[in-house]
Every structure is written in structure tokens, then in C-alpha cells.
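Please find the structures below.
Paired with subunit B in one complex and with subunit C in the other, subunit A is shared by the two complexes that follow.
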Partner chain A sequence: MRRTLPLNKRGLNFETLMWLFTRLSALGMYAFILMGAIGALIMGARTQMNMADLMRWSFMPNTTHVQNTNVLDLSMWSNPFWKVSASLLYLLAMAHGVHGLVVVCDDYIAGATGRKIVRFLSIVVMVVMGPIGLMVIWA
Partner chain B sequence: MQVTLKIFRFNPEVDKKWHYETYTLDAPETDRILDLLEKVKGHVDGTLSFRRSCAHGVCGSDALRINGRNQLACKTLVRDTGAKITVEPLLGLKVIKDLIVDMKPFFDNYKTVLPYFINDSPLPADGKERLQTIEQRARFDETTKCVLCAACTTSCPSFWGSETYLGPAAFVTAHRFIFDSRDEAASERLHILSETNGVARCHTVYNCTMACPREIQITKAIGEIKLAMITGKLD
Partner chain C sequence: MGLNRNVSLNTGLQYKGREPMLTFVLHRIGGLGIVVFVGTHILSSFIGGQLGHAGNVVYESWIFQIIIFFCATFHAINGLRITILDLWPPLIEHQREAIWIEFAVFIPLYLIAVYVIIHTALGG
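Moving on to the complex of A and B:
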């Protein structure tokens, strides 16, 4: 007889789900980074960009950040597809990184109050930095 | 061969701070580090304190940091360490005296994961054993080998950070019962292990696996617990 626990009996609390999210978001980021690199290559990185520009496009595929490259026409990049892609990569990276910091802090802050403060600050960072980053991409 | 044995010393009744003392001994390379400690205690300095019991790698009393690695003194030979040997107490636990550490936080964490068989169902019709297949027994065989020496937990950076982290030894014990087909408290244990001080704080450093004197694949066992949390599969 197979032994399988139902969903509510597996200890799937916020802590565990965030642990899972951190793993999956890393995979998601790889997908977006690959997409950015391929996009940049298709749109002229082979002849008009250097390695640094290609990396920048891969890790932050944001049209407002590539205006100083030698690519003359940026209009093909400035579309909702790349903006959504950049936004998702940004949000994934932020949540992944902030949660990673919380976990590292947990190694050094054992007290319940200290951990609550760290979690509160992590939420503040995301609430403040999230809209600012999205504004840079979309505005 | 001549061996230089450098031992961590601290007597709270006399010393304000710990220090090292060095002893030079003649010892065959087949001697164990425990034999050297016994020689020092028996013939050189009777105040040297350390834990030992079975002296055969079963009781787990004499886990120590030998040349920087957590090992059982009764299983480590002079030929494995070389002529220069440094013996220190386990990291992450308070030193009581010399090589003896306070194991209370370790056993508190151990108790947290309900380290005992739980099954409130009525006995089988014949009133005898709760049977299981060879495969069901093999599922958790690896983690039954733990001797609770604390070599794994005290090699874990997450435990050095805070002793409230349950640690590898507690996870190994939890694994032993979670995957036992006769036990009925897997859900309770998974809930305990999913809390802040549970498996999510394992950073897959592998120190525990390298430190285990029983060669238990601890990091793999922790991974299986994480997988059980996500999939619910206990087989």
C-alpha cells in the first residue's frame, strides 16, 4: 500500500513554500536570462554590442538601459513583451534575493523578535523597491 | 612512533580562558586517539576530562574535533592523523571542562522531533508484531545507524549560528520514523520540521555527511524529508 500524506498534512507552511519558491525562482531566472541573451543576440548583439552590454541585456532586459550601446534603433526592443519579461525577472530576482538574505540572517539571529524585525524589514524593502524598479522599466 | 598531542584545556574553576597543552607520547600508529587521551589521563595529567564509554564506535560519547574534523576518538587511528594531533571539543556547544561540552541543546533539539515510535492503532489480529516488508524496512535503514554523537550537528554552520536550529542529527532521527511504515506520526514530524528552525535552514553544505562516523548520507536524508513535504510520498 502506497503511503502518501494529503496536502494539509505535509507541513506546507509559508516557510516551506518560500524555500520551494527560492529554488523554483532560481530556475525561472535562468530561463529569463537565457531569453534576454538570445534576444540581444538576435537584435544585434553580434555586431553592435560588447560583452558587457550583452550581459546587461541578459540580466536586466530593459530598453532604457541599453541606449548607450551602438544599436541605432531601439524601438523593436521597447515593446510590452520585453517590459513584461524584464518586470518578471526583476520581481523574481528581488523576492529570491530578499528571501535568501532572510534565511542567511536566520543563521545569525536566533531570537524570535530579531527574526520578526528581519522579516518586517524584508517586506519593507520589497514594498519600496518593487514599484521603483517597475517604474524604471515601464516609465 | 613519537606523537605530539595538542589538547584543548579549560577548567572553569581555575582558568579564565581556555588554552592548549602539548604532550609528547610514544604510540604505535595503530593506536586510537582515545588510547592517547587515556595515556595522558592515566600517566601524565589525571585532571584531563573527556567523555568515553564503549570505546568501540557505538555509544557516540567521544566525538571530538581531531585535527579540525569531527570524528570519534575511538575510531580514529594515529596512522590516519599523522604524528601531529590536535584534539578540541565539538564546536557550537558550550565547553564544560576540557573536551566535555554541554550536550543539552543538542538533546533538546533531538527531543523536538518526537524521537520515538508512535502508533495508536490496535494491534494486528494475531496480537503480535506490526509486520513490514524487506523493502519497507530498507527505506529507513540508513538512518537507524545514528549513534547521537553530535559530530554532524556540531559541524553544521547553521547550528554554529544558532543552537535552536534542530540540526542534522535531529533530522536523521525524524527521517528514521517518518519513513517507517509502522509509524503514524509522520505528519506531526513534518509540521515540526517545516518551522523556521527546521529543514529549510539546511544550506546543503554537506559538512554533516562528511563528519558522520557511521557514514550516514545525512544530506540525502534531509533532501528526502524536503521531498516528502512537497510530494507527501513516504515510500
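Moving on to the complex of A and C:
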């Protein structure tokens, strides 16, 4: 039995789009994490890193995450390719996480005003934390 | 509106949702843990100096790493299950089996990571 409505019979509002975005950004983050893990293995992680360090690098391919491992030459690990993918992963994860916070708040804040305040604060957090994170990656 | 459920906290705590509820609770705790950790981690890296270094001491302690690895790996693996079941709705019929597969992947992966973290912390 098919219990789900077809797409054209569902209302397509902002919340629905964000529901879809949450799923698609999860897949996107998986792609970045896989890319980070495979890239690290190509760059010599098999003999220079343990699994926890490899996962730390994969979750965020930032040079500072390999500083305490046995990797000696960091130049390959800090090239523009990794900085761009770290930035994209960061922006994707930030939007995913801030929307997650809004969803959690909506479970406990039912009033229209409260929900408006939550949405306003979520935009403030994104505008402030976005550039800060990018500066940490690029500086 | 969502909050008028007329259910007391005590009744709520007695609700037995089994595996789906367990994964929901852990997914939420893990997500909030990641937000708090990543947010403060970025801020301490951005501030730098004495205060930022104090943050790094916390993040590099093995107890903290065990907690945050739980949050991150569980949220990632459970999120993949939710994504697959939501984007391919017919699969929802197998959601209990999906949760068992999820734990079959998560528990060994997490235990290996915990072993490596403790092994490294003990100077191995």
C-alpha cells in the first residue's frame, strides 16, 4: 500500500524545502567525508595516521586536524582543493545544523512570536558564524 | 499548535518507543552535541591566544573525544538511515531491520575508534 502522497499533491512550502535540504545536505556531507577519507589515504594516511585521526580529518579537512599526527609535510594537506572543500562542507554543515536547531526549538516553542524570534536568531547565527568559520579555514 | 498534547512529563518518560525512539533521542542529543562542539571549537580557533588554547586542551582530552565521536558517528550513520528511508519511501516497511543494520555498523566502528583514542591517550 502506498501511504505517501505524490509530489504534486503536496504543498511545497519553506519547511518542506528545508526538510528536503536536510536530507540532500546529509548526502552531500557524506560525499565530502568520503572524499576526505579517500584523499587522506592517497596522501599517505595509511602509514602516518590512526583511524581516529583519519575520521577527524574526514569530518573537516582542515590542516590543523593533521598537525598532531605523524604526517610531516603539511603542504599537500593545505592546498586550495582541500580549503575549498572544507569551506563547502562547512557551509553545508552550518545550514544543516542551524536548521536542526530551529526544528528542535519548534518542538518546545509553539507560539507564533517565539517561532519568529527563533527564525530571526537562526539567520543572525548563520550571518555571524559563516564568515568566522571561513576565516578559520583560510587564514 | 504542537505543544498542547496534555501529556505530563512522567507519562512522556514512560512511553516505550523502543529502537526508533532510542535512535530519535540519540540523534537529537548527537546533533546538539555537534552544534555545541563545532560552534565553540570554531570560536576558540578564531579567538586564538590563551583563551582559544584553553578550548583546545578540552577538545584534545580523550574523554571529550570519546563523547564527540559518539555524537558525530551516531548522527552521521543514523542520518544516512533517515535519508535513505525518507528519499525512498517504500523502504519504510523495513525500518526495524534498517535500525539493526545501523547498530551493526555503528557499534563496531565506534568501539574501534574508542579503542584507538584510549590506546593513543595511554601513549601507544
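The rule we apply is simple: the second predicted complex is superposed on the first by the 128 of 139 C-alpha atoms of A that agree within 3 Å, B and C clash if a C-alpha of one lies under 4 Å from a C-alpha of the other, contacts with A are read in each partner's own complex, and residues count from 1 in each chain.
In this text, contacts are C-beta pairs under 8 Å (C-beta built on N, C-alpha and C of every residue); 3 or more make two chains touch, one makes a residue touch a chain.
Computed from a prediction, not measured in an experiment: that's the story for all the values here.
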Task: Scan A:59 for contacts with subunit B and subunit C and give back first, second, both or neither.
output: second
- prompt: Touching A:108, do we find subunit B (first), subunit C (second), both, or neither?
  reply: both
Message: According to the stated criteria, A:136 is in contact with first (subunit B), second (subunit C), both, or neither; which is it?
response: second
- prompt: Touching A:27, do we find subunit B (first), subunit C (second), both, or neither?
  reply: second
Query: Touching A:12, do we find subunit B (first), subunit C (second), both, or neither?
result: first
Query: Just subunit B (first), just subunit C (second), both, or neither: which does A:127 touch?
result: neither
Task: Decide which partner touches more residues of subunit A, taking subunit B and subunit C as the two options.
output: C
Query: Both subunit B and subunit C touch subunit A; at which residues?
result: 2-4, 106-108, 110
- prompt: If you look only at subunit B, which of its residues touch subunit A in the complex?
  reply: 157-158, 161-165, 181, 186-187, 190-196, 198-201, 203, 226, 228-235
- request: Quick one: which bits of subunit A touch subunit C in the complex? Just the residue numbers, please.
  value: 2-4, 23, 26-27, 29-30, 33, 50-52, 55, 59, 64, 68, 93, 97, 100-101, 104, 106-108, 110-111, 129, 132-133, 135-136
- request: In the complex, go through subunit A and note every residue touching subunit B.
  value: 2-7, 9-13, 15-16, 18-20, 103, 106-110, 115
Task: In the complex, go through subunit C and note every residue touching subunit A.
output: 1-4, 28, 31-32, 34-35, 38-39, 42-43, 45-46, 60, 65, 69, 72-73, 76, 79-80, 82-83, 86-87, 89-90, 112-113, 116-117, 120
